[in-house]
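Below is one structure, written out as structure tokens; the observations come after it.
Order of writing sets the labels: A, B, C and D. Residues in every chain begin at 1.
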């Protein structure tokens, strides 16, 4: 086993479905980077700490730089990406470009919002790459269940949009005169409608007339349906998804048995 | 294939279960009309923009007028609506009258709330007409699941009404003296009860006495049941609905096989 | 068929599982009575209207009185309640006493809170009596599903109580000094904990320290579990309940077939 | 049957799966202790009552002391814990140490927060010990259903975390300038994001710009998904859990039959 193959396995492979030791280190480094990006937006952080943050950022940048170089070098082990040309083909892949772009702020010591987004994307990417068997099975079931019932969920969304439109229009008519700031147009009423139908209910905008309260009460009750419908669709779809996963597992077990 | 038949297929038919090109254009025009109706209620829109809106409205009006005339003319292809009398019979159908009524404000340049309602109705109608097979399958499952358990859902609604009544009465008794504006009658307390039981919780009306808070806490906890019950009923019903849809799809596939 | 039997059927029987005409009239009268009881607590009702209310109350009282007398008289048709003694035995039954007690305020023209409770009880009773087959099937399924999983639901309630206790205690420790009015004791913090965990979130009491907000955020997230758990239990139980109801219906259909 | 065995059965055993009489007394005493700990944090309790509390505390302390001594003495009946050494081995078990530590404040008459935690732990312990068959079956199903789908629930939590991060970052960018106190850093925005995504919606922090409200509306709608996903996963898992429990019960019944 050559060094290149070892590095390839560590960075591009997956150990028994899980993350390799190096991938774990990179994951921790990325999570630390995200945490730093979050905390560094806080203005009340004392400057002493910020200086430490900058140093940690630098170290993380070096780690990511080494990882990037090692990743590009070791990809040559893969027959598809052999040679300089193969590696260049790897480098122009979207996620590889993303990696490179994500590197820049670390190396330049920039700490801002843009890096934050890039780091989230990197976390997502690593999860996707890592082929965590157990996790990805769960992810596959959850995503699959949502995808299977995308039309039902879209229909629920259309119903929800209509509910938002109708209750916004109703309160615009009923409360528009009394509270022009909050209900003076259908657009303005939509803020209230969304906040009410999702049962968030900040209370910054509340109907004051009797008729407004009657409509708002009906809206609030309709909000239960707006939560109940997607929840019910997802529950039923997860039920099917779990049954399918069990059937798959059983079929695989039978096949394993037959092979012996 | 005559021109009339082509127009008929474009306006009254459905291509492989989906919307035809013309129906898509009309749908976009209707959605644009709804958006304009919403935005045009906003008082802060500068007058320059409003003038543009008026022009778009005019264009939309012409599109809808052409569509209406083409619809009435091409319906003659349908044996049931042949000739002038057949077309008149089509024109007095509720949705055709609705189309005509919805046309008026566009042509006259009226932009108001009434048109808004009409436009929503038109969107609904188009969705219903379009026989979108994939969408309508989802819609049929969702609506069917709600319909199948309408008695259970009605029972949940009766329970919810009783909960609203009982908690309103309780807070009227407990907090009525302290906050006459908010809890001075059972009717007034109902606003609070609905807002609490749906877990919206605006916070504009909040009990202040210890006993009021105890009752409100119990009401808030009961609110979980009020959300859990319809959600659970719908989840179970969707589960059955998906199973039925799968059985139907399977039966259809077997029948297809048999026919070959 | 004697008059007594007819009256008995109208008041004590059920037509094809539904309510008889007389029972419908009584139900409407009771609902009207409940509505009057609710509205009459409103202090802003003009006195002219109140006078009308009093008259309607009187009419309702006479209807309930006639119904009560007719009920007691016609129960004699039932072999179990024959004669004066049988009727007395009927009259001392809890619901019959309730009927009599509910009558008093109507006849005396009292309109207050006490009557409100009695009227709700009467509505409940009528629903129970009416043996509405379709409704009661739904009610049986819903109540049965809740009953079947009462231990699981109780466990969820124990978990919820623990969550309320723990988050109350946490905020008492963290925010007690800063906001003694709201978090100055575990008892006081419980109001906040219930409002947060049920996701009502009035906003009358909100943590202000960073640590308080961290704990409150965790509490709010735990609140999702508090809603998800009973909803999930009920959804699964309704699923079983619907399956059982279908099996029952199938078994009944097979039996019907066999009898022919 | 010796006295030691009797005491052992009363304190360490379980009668037909339920709590023994002594365990019930101890449970009531513990619940009373928890209630006292809660109430005694309230500063408005009059000193006369506090004195009574102290006395009840003393009595409870004696009960717990007797129970502890009896527990240690009677454990000798168990072959594993025979003799002084066996008892010492029992005494150094974590829950036995907990019992001893929980005793101290009662005996010293301390009433504070520390005791509160200990008492909750004791309640939990007793529930665990009591092997309540019916309850524990329910608890086993509920805990089992959550455990079975821990990866799916964890994935839902990862999604929820990402949603919190993304909406915090969005509102930090959009509202940070306008409301520095509430949205001046991603960390500060997270309080708002959690409160909104869980649909608690206190209303203490509300976006004020149009763009902020648009993002907040999207966040509120996403909050439905955040509630729907774990609820759906749990509902499906409970469904499986109930089916498994039924299968277990059936298998047990068949085995019982075979044994006869």
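Keep in mind that, in the parts below, a contact is a pair of C-beta atoms (placed from the backbone, for glycine too) under 8 Å apart; a residue touches a chain by one contact, two chains touch by 3 or more.
All figures in this text were calculated on a predicted structure; none of them were measured in a lab.
Enquirer: Hop across touching chains from subunit B and tell me the fewest hops that reach subunit D.
Expert: 1
Enquirer: Same or different interface residues for subunit C and subunit D, judged by whether over half of the residue numbers are used by both?
Expert: Answer different: the two copies use largely distinct residue numbers here.
Enquirer: Suppose chain centres are the mean of their C-alpha atoms. Which chain sits farthest from subunit C?
Expert: With centres defined by C-alpha atoms, farthest from subunit C sits A.
Enquirer: Between subunit B and subunit C, tell me the centre distance in angstrom, where each centre is the average of that chain's C-alpha atoms.
Expert: 30
Enquirer: Using mean CA coordinates as chain centres, what's the subunit A-subunit C distance in Å?
Expert: Comparing mean C-alpha positions, subunit C is 43 Å from subunit A.
Enquirer: Could you check subunit C for residues that touch two or more other chains and list them?
Expert: Touching at least two other chains: 199-203, 227, 231-233, 235-237, 239.
Enquirer: Could you please specify the touching residues of subunit B with respect to subunit A in the complex?
Expert: 34, 37-39, 41-44, 113, 116-117, 120, 124, 127, 134-135, 137-139, 141-142, 145, 160, 190-191, 194-195, 198-204, 226-227, 230-239, 241-242
Enquirer: Under the definition above, what is the set of subunit A residues touching subunit B in their complex?
Expert: 149, 151-152, 154-156, 158, 162, 165-166, 168-169, 172-173, 180, 184-188, 190, 196, 199-203, 206, 213, 217, 220-221, 223-225, 227-229, 231-233, 235-237, 239-240
Enquirer: Mind listing the subunit C positions that touch subunit A in their complex?
Expert: Contact set of subunit C toward subunit A: 199-203, 231-232, 235, 239.
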